[in-house]
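Labels run A, B and C following the written order; every chain starts at residue 1.
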Amino acid sequence: MNNLPPDEMMTQPLLFLQGVSFSYGEKSILDGLNWSLMQGGFECIIGRSGCGKSTLLQLLCGLTHPQNGKISFKGSALTKPTKDISYVFQKPNLLEWLSVIDNVLLPMKLREGLTQRGKSQAMNILALLGLSAHANKPIWQISGGEQSRVAIARALVSSPKVLLLDEPFASLDAITREELQGELRNLHDQLGLTTVFVTHDIHEAIYLGDRVHVLRDGHFAHTQDIDFLTSRKPSLKDDAHFANYSHILRTSLGSKLSKNAGAKDFLGLSHV
Amino acid sequence: MGFHMFNPLYKLFSKVFFLVLIVFLWELICKTWHFSSLILPTPLEVYSFLLQTHQSGMIHRHIAQTLFEVICGLFLGGGIGFFLGVFLGEFPKLKSLIMPYVVASQVVPKLALTPLFILWFGFGTLPVVVMTALICFFPLLENTLTAMEHVDALKLQLFRMLGASAFQTLVWLKIPNGAPLILAGVRVALVLSWVGAVVAEFMGSSVGLGALIVAGQGSMNTAMIFASLILITCMGWSMYAMVLVIERHALRSYPRGD
Amino acid sequence: MFFNHSKLQNFLKLKLGFLILSALLLQGHVALAQSSNVKTKLVLAGWSKPITEITPLLVDADKGFFSARGLDLNYVPGAGGGDAIRNILSGQADVAFTDPGSFFMALSKGEKLVAIYDIYPQNVFNVVSLKNQNIIKPADLKGKKIGVYSLSSGTLQNLQVLLHQAGLKESDVSIVVTGLLNFSPLMQGQVDATAATDTGLLVGKAKGLGEVNVMEIKDHINISSDIFVVTQETFNQKKDLLKRFLLAYKDSVQWMISRPEEAAQLAAKVALDGQNPATNLEIIKLRNLSSVSSLTQAQGLGHFDVLQFQKAADIYRSMGIIDRDIKAAQAMSSELLPPK
């Protein structure tokens, strides 16, 4: 589980959303959303396309503000982007005229300027993500999976408290995606992060998250705690509990496929 | 990088060979059709003019004059065009106000303004530099402005999320992102600057390659006209090649279109 | 290099630096030209670029005739005598090297001008045509295409005198601008005749002009070819400066008359069309001849034949080229002329 010093385990949530509403003109995206995100949590958000997942993330990093409700970070109102909350985009979104390490150093350069300490910090992060050999290469010389890693490294270089990820592995092949899922979970544990992971892939959400929220009709229609007795490994996906969670969440999303579900499925006895 | 050993050498050799071929053809045409030196001087006549004026030192003064005007005009006009492009990119409301006048100034046939410039700026170097600057200004303005306006929205969002100021976004995102386009503008301006300087010299200059062309017409010395044109071509071409080298270096970390 | 971002910053700074530098250089260039506190600046506006014909004005660096009298002589080019007058009227020059026709035209428009020196008392203008055109007398010009150096050039004015002699008007011929001293259009048959000068004809012959018929303006009226003109205001305010200028010019001309070979060599250095010293020598000899007359022998270089000028003014008046009667004597002054 998480290797956090005891005094970090506060009872106050790290990110707190209360009654948050957001609309684009007439169209209501989020409506009365409530959320308490605790320190150290790895929480996933799933929902149909256009349900407002990206909007929610933008609110969480301080880029936009809700029309109603409040968002607080570490107890005080969140008004603008902060180095404690990092964001990973759907596409790597790297600057193609810079090398790998220069891309990773971008947040530091913009916020505090470059230092020797900063450079070693960047090299450490690259090592963590297995990119040391690529440090000085231009980013168009590395693969898509490696670019996604660089994007994550960039998000981690300023030692953030919170990591927000918006479907970061959606465009990768299955094998790479699996590798990166595992690495992300390890990083979360190693660095003591608090992670919010948005995805449209239910299995990915269950595999990665301690908790999964279903975003529907502008708020969390369902929140599912995920408990696995064994540690997370790819073989987990064949576990019976996994299929169970998957079914519950699918139903909550309003999937037509769940119409044929009977009572047995709720007891996890569908295979019987 | 797997270049064939012969490649760079072969390219150079074929370029030189082609040049010699052209000169040879030129000589052949002269010998066959017996044109008078007034219509088409021979390569030898042009060469002896260049040699003679090089040895007497006469031509150096004129080369230096036109070169000076070109470089001044390029930096002045290009510089102003670049900074104005950046400025209007940052303040779009000003852009819609100013652009009609900028376009009007470019649609007016600039070289026809030479007499006016002479009245305002006197004779000699200044009106030529102003004219050249006016010509170099627009390519840089247009390209810089376009570069500023066409930045990937996702990248802009990245910079906002990283808390970058408008100035930081300009220097670390917009300008590097637009560098290929801006440098293309520099190349266009460079080529035009030679046209501008030489033609502007026709009217009000006593020194310079453009002045020599007019004097060549007056003394029916077509070899002098040819020689001036060749010098202009060589210098313009060299400057272009130099910018290409600079560009290749500056953009070496950028992905190619392929 | 760790970051090419700082390279970019450097590039931007460099660009800004160059902008400022080039602006400063220009400033300095101009300031330097004006900073000579030992000599007084005098700007002469000519009818051409700096060419062999006007060598006396181009050799100050080597011969120092003007420097010796405390003058910093500057030359601004033109394309015809009319340009020279325009430049003194706009204040960009002090003295104009111009032809009497342009002078009279400006006077008739009400400009206050004074002629102060007769540069070439001989008329050097002509109308040249290829032999096969059979243009022997002015009347033969009717309906022909005739080249002139420029529309503000003395060649046009002198051509009009010739036309007048034959009772022709400008509308009876077709005028084409060929550029200064340019015989190419004639040689290629693009014009039937060209109004030119003796020097132009000389160079034209050297470049392969074939057999020609030449009509000399001096056979009809020997009006001076070129004169120095200043505005009334300059005349009133800069008398001493102008006196020194004319003294220096006279010295320079006398040098060219006595040392034409030396002048031809120097012209190779300072004139734009001076590459061939032999041609230079021929041109210089022509100009030496045109600078003297029986009057100048008697009274000294630069003296006017006022009667001749009045005659010319009257001819122009009768041609309708100028629309006022001009009292030549009132617009000309011998006050500043150098002593013999």
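Operating definition for what follows: contacts are C-beta pairs under 8 Å (C-beta built on N, C-alpha and C of every residue); 3 or more make two chains touch, one makes a residue touch a chain.
Please read all numbers here as calculations on a predicted model, not as lab measurements.
Closest to the protein's overall CA centre, chain by chain, comes B.
Farthest from chain B, judged by the mean position of CA atoms in each chain, is A.
Among the inter-chain contacts, the highest number of C-beta pairs connects B-C.
Annotation: 84 Å between the Cα-based centres of chain A and chain C. Inter-chain spacing, taken between the CA centroids of chain A and chain B, is 52 Å.
For the pair chain B and chain C, the distance between C-alpha centroids works out to 34 Å. With touch defined as above, residues shared between interfaces to two or more other chains in chain B number as follows: 172, 176, 179, 253. With touch defined as above, residues shared between interfaces to two or more other chains in chain C number as follows: 4-5. Residue positions of chain A with contacts to 2 or more other chains are 97-98, 109. The touching residues of chain B, counted against chain A in their complex, run 154-155, 157-164, 168, 172-173, 176-177, 179, 251, 253-255.
Residues of chain B that touch chain C in their complex: 36-39, 49, 52-53, 56, 58, 71-72, 75-76, 79-80, 82, 118-119, 122-126, 129, 171-172, 175-176, 179, 203-206, 211-212, 214-221, 224, 250, 253. If you check the complex, the residues on chain C that touch chain B are 4-5, 7-9, 11-12, 15-16, 18-19, 21-23, 25-26, 29-30, 48-51, 75-77, 79, 90, 92, 179-184, 187-188, 203-204, 207-208, 268-269, 272-273, 275. The residues of chain A lying in touch with chain B in their complex are 61, 63, 80-83, 87, 89, 91, 93, 95-99, 106-107, 109-111, 138, 140.
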